[in-house]
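Structure below; questions to follow.
Naming follows writing order (A, B, C and D), and every chain is counted from residue 1.
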Amino acid sequence: MRRIELEYFAQLHDAAGCAAERRETEADTAAALYDELCAIHGFSLSPACMRVAVNAAFCPWDQPLRDGDHVVFIPPVSGG
Amino acid sequence: MRRIELEYFAQLHDAAGCAAERRETEADTAAALYDELCAIHGFSLSPACMRVAVNAAFCPWDQPLRDGDHVVFIPPVSGG
Amino acid sequence: MSRFLMADAPVAIGVLQRELLLPQAGGFCSFEGWVRQTNDGRAVSGIDYKAFRPLALTEGQAILEEATARFAICAATAMHRIGYLAVGETAVWIGVAAPHRDAAFGACRFIIDEIKRRVPIWKQEHYEAGETGWVACHDVR
Amino acid sequence: MSRFLMADAPVAIGVLQRELLLPQAGGFCSFEGWVRQTNDGRAVSGIDYKAFRPLALTEGQAILEEATARFAICAATAMHRIGYLAVGETAVWIGVAAPHRDAAFGACRFIIDEIKRRVPIWKQEHYEAGETGWVACHDVR
């Protein structure tokens, strides 16, 4: 089991009902973790339209997760 | 004979040694007037790189001149 | 020399601009994004900007460094507001100083396009009618 | 709504810009031309701008009206200084407000290009070495 720190923004924040949470997970990649969270929180955004950041840096969806990682799924951005 | 009001800018001002003058001329177009002034003031700019304004509006070089017209030859501009 | 700023309150743009007044700079191009009164026909009362701040800062700074490498500019600054902005407020400001205008325009356009495409900032519009909505617009790839 | 100004003294740009803050405007692009310290490798102490003023005003205004017809903008203002400017002073300022940034950038670039091409203004550089020279650059056609 890995302990992962999660932060949620925009639509994911609304769906999760919280800005941040800590979870224990068996998921070994960001992609697997997102699938798991979709089931829990009912996220409707497809990973195809998102990016993921681990420890505040963009990374591939298949990047292995390590205990203590900080993970943020990035919904389509709309700044500017 | 027509009486023409002339104003000079940039290199033409330097060559003419004055900002404005009034001349009596037989020249019947702006082009003919410029040729006449080249001989008098030693203007070296070619009309091909200039435009001409009569009564503060751009006009063709072959526009007929009328008594009392105000004529400005426009050296290559360099504002901005 | 170039820097990306995030601000929780209005910033004195004049101060940011004066820092770009460098001896070799002859042209200066800037872009501002303002909170508009309507979007897609709906009356907007304001926009709430949220950011994933540490990543937004590094991504914003990376964009400015890419602009400096790609265009012949002297320096560039970008500022993005976070939090609730009323109609008419400046949400983003970009200033680019360059020896010549081609590079100033090109880099300024590049920076705003990349900010909108890549920087993790989200805007939630608040409508006069009382609802809110996340503006989903840009492709993130 | 759009206007071309000529000024014999520094202008409060912030005032001109605020006039462009229209309800439908979401993007604002501006360009400034600054007096540079060097040109073609020569040290410049200042630039004297001369204009054939009545024609410069009508031609400048015509450019703004062309920009308004060609681009989907809300309004544009352009200001050109006349007289002697020291290094670092703003010789020209253009501001364009539009619903979207494409039009703001396009119109701003169009306006500065056309001013440089068509408006009867001439600059005489004053060099640190003491001489002066008319800057002959743009094609007038």
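As a working rule, a residue touches a chain if its C-beta (ideal position, glycine included) is under 8 Å from a C-beta of that chain, and two chains touch if they have at least 3 such contacts.
Nothing here was measured: the structure is a model prediction, and the numbers come from that model.
Taking subunit D out in thought, with all other chains where they are, the connected groups by touch are A, C | B. Once the centre of each chain is set as its mean CA position, subunit C and subunit D turn out to be 23 Å apart. If you average the CA atoms of subunit B and of subunit C, the two centres end up 49 Å from each other.
Across the assembly, subunit C contributes 33, 112 as residues in contact with two or more other chains. Residues of subunit B in contact with two or more other chains: none. Every pair of chains meeting the contact definition is listed here: A-C, B-D, C-D.
On the subunit C side of its complex with subunit A, the touching residues are 33, 49-52, 54-56, 58-59, 80, 91-92, 112, 115-124, 134-140. Interface residues of subunit D facing subunit C in the complex, by the touch rule stated above, are 14, 21, 23-38, 87-88, 97, 99, 101, 104-105, 108-109, 112.
Residues of subunit B touching subunit D in their complex: 7, 9-11, 13-14, 49-51, 53, 56-58, 72, 74-80.
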